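For clarity, chains are labelled A, B, C and D in written order, and residue numbers in each chain start from 1.
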């Protein structure tokens, strides 16, 4: 999964024209910048390369430097946004799927979130009836990736959905952002599920209402930026630097032309390389804490915090 | 899953009579002691509390002290035994399931084996046709335990079997042995699958041909001994010690009587405690190496070793 | 390090006489049972096999079953007790040493505590002068064990003390308790340092004011019980069970005699085996959280909590 | 520590002139490309920014893609090279220091190597005298980094050297390479120790014969490339691409000028970002295997392989 907010910026291009069939709104809550991109028509979907639906991006640039400080506000905003996407009735079952490879740090945010999640589906009938009435059945799995299972993630999820018939699937994934400032500083929520080809692990098949059989909410965190992307960013910066010979060249070359040249020349060499902060292990852990706590709060609105730790 | 060879010893009791409908044979291969218990009739199955089938136990007492030294012979014998249970035609798909909780060391031998396994099902069509013809499609999953997923392991496996239709399931699990000398020193193979109630993690439902829909081979390693068991062992030892007042008491009390008393008095206190060697982390890792390499060899008889590392 | 409170019970024996030169007091704070054993004279020290000094034991039996619930009170009491043992002036440097082997779960509580500690010694001169004045210089190391370093822990600590000249050393260690109810449910603090021969990892040399050159406060957590100990507990329980032939034998045999017999017969077989709860990985992690937060609070009385996360 | 072979290329610049006082030789052994840079004079040292001494670089470009395949030849060549730097008499003690932060994957190659090392110093007197005569005393420590200990690594090493008086220190470290093709594909050995300011973790003080008190051999592996470096590489590539407007600009701007501009513009943004392959966790593990086995072989020339596993 890549980011809708970035897709839109790309589509708008240098002219900053609006994309037909796509609306955007911005707001600020508790220091978290929230962008809502809504793809409203088929034309918008075609232009964006993303299906109709709502895509929320929560940007917290300070997270990378001071994760513990901004964690509480991110959890507060994220759990509020998630709650609006979950069934209100707490007797509806939710299956949380942690995508990605737990052995590769930048791809491990999904599995690590699932490890910290409050799982309750199996407790029905074992807890008292008051608690049971207020506790949503939540199941969770971190199925692994194609390279370690030999099975498409979609097939594993589909098999499980057949067996336990959840009302909703929530898929947690690591994203590759284009823009450095989103690196370990942004969370995206989409009510359209996960579409093929994006993400760190490059799922070959998506997880959507069509393929899975029940609605899919996707939650993604940018944990890497592809190496080719930062070269582009660097050239932009250099082009803006006073007096550099590059500046002139940059002006004589369209952005699209530049991107084509980079892709042709750089992709073979930088293709599989990733840019991450040095502290990626710790930041991915803290992000998994944030996602797990936000999910616990929003999935279990009727439980008191001390009932689920 | 608990051990057939121990069940038989219990059933035979002090009189060392044979159990009707159950045959036992012993052999020694490359320093590995192999016991084959075959439950041949329904009467034998009823007496043993285990379904009809073949149960092989490979005992390597030296493993606990010198794992690296005895590893090669254990792999050699284990892969030979496993091969007889797997479909000869390498176009038959096998699904390996690593049972247990990867976060709890003594229960992690299944998931850790799966991490080291040669997974090939997704490579069909991506490797050249010669290799493709010689390479068995192998898929693998470590589904987690009920407490972390909220879903019965059987349901996850059943869902996956529906999706990918393997010809055989191999289930790897941690066992609780009664006898200390089997602790991290024994591997059991059974062609009957996994039955409810045994094992470290206490699966509530078994994985068998009946419940899963395809044949299930179970591979188990003893990683813990229940604390109550070693009290029994200790009393036996003390009863044999010269001149102890216990000795006389021991002779006046039947083994069955003793076990009943221990269970009543000790189970509430020692119930969930486990006995493990101090080096359990390293020994479980080495065992996972042994199982993964033995499975790789026996599942892929037509690949050369350098083709799968 | 083994537990003073248990040494005293052993010395007192069945007669429950007081040990000369040793005083004991009990109190209850926020649900935590606190026992203070003070060894006041050389005679007491000789009888107890422990040097003169104060040994506090904090017992929280509920920790094993509900760690998250009792964590806050344990932190509150522990940090209060620790503060009385630390230099009040925050310009005095403290070196925290996490003893034990990080690769062996029950022995890893020291290294894992150190990972979570607020380390500040290197920040002097990098933070503003107000913060600098209120922040105690804290250094920390997890030196590993003799088997992984080839060097006695004492030598590593002594070398470091020579280099950085701390005013106090705090040594965190895993303990082996005799009594099951202390397993992952007790913390011991001693102002006498660590003495040879105890603990899970069996340090051959102690860490004391004499050997290290500065005062040493020891903080220990019971993470295992030796397998031989639970046999003793089991025999006590059986001896109390109505009508068992053991009961009579138990009465005819002194406790000391029994312990001697067990040691002779059982030690060779159970010697290196440990009893731990199934959830030991998670419980050791939570204990490391407790110790790190208690140390942070008591070492840094002038920092606000948000200044050190 | 950064790489001598790269420092030389930088100093030589575009004119490819030889650097006075610096000799270079190339050879190929078992598929491993070996470059020996010898800094022979003070002038050479000044020009290179590196002290007089020998710097060997072993390049194995295939490692990143097929680590298991090229591992044996890398071990063979590396252990041969290391042996020439170690004291021949096996009664001389060697202390191996694994630098870096075990919690940050690209910085963890030192600590992970130490975990796999054959440590023997404490076995003297415990093994039979024949073995004892043939076994070099080896000690090892992974002291952590300044941010986690609050103590300069040099101080920890110096303290330990005072206590155990080794004849040689071997320091293992992660390097930051400039050139992408060295990323997880090169090992550097230097007989001059480790100098301040280089490396992934940016040690503030070096580890050299002068500072430590005994000779120091440095072994380094490139695990990251700084993000700013790949921008430079990318611009080179683009400048060579036919018909790009950049090409002309590149020709009008000296390499030194370009580097200055990049540093001014890019460093503030890309400063702490790292480029790594997606498989960095597994590659760092395999490199630690390679280093540990090479060290074991070269430190213990008189032990047979089966004596040390």
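The criterion applied here is as follows: contacts are C-beta pairs under 8 Å (C-beta built on N, C-alpha and C of every residue); 3 or more make two chains touch, one makes a residue touch a chain.
Note that this is a predicted model, so its numbers are computed, not measured.
> Chains in contact with chain A and with chain C: which ones?
B, D
> For chain B versus chain C, which are copies of one sequence, does the interface use mostly the same residue numbers on each side, meaning over half shared, or is it different?
Result for this pair: same.
> Based only on mean CA positions, could you tell me how far chain C sits from chain D in angstrom?
Each chain reduced to its C-alpha mean, chain C and chain D end up 40 Å apart.
> Rounded to a whole Å, what is the gap between the Cα centroids of chain B and chain D?
44
> On a C-alpha centroid basis, what's the spacing between chain A and chain D, in Å?
About 37 Å, centre to centre.
> Got the chain D residues that touch at least 2 other chains?
103
> For chain D, which residues count as touching chain C in their complex?
103, 114-115, 119-123, 137-144, 146-152, 155-156, 158-164
> Quick one: in the complex, what on chain A touches chain D?
Chain A residues touching chain D: 103-107, 180, 183, 200, 227, 230-231, 233-235, 237-238, 241, 244-246, 248-250, 252-253, 261-262, 264-266, 269-270, 272-282.
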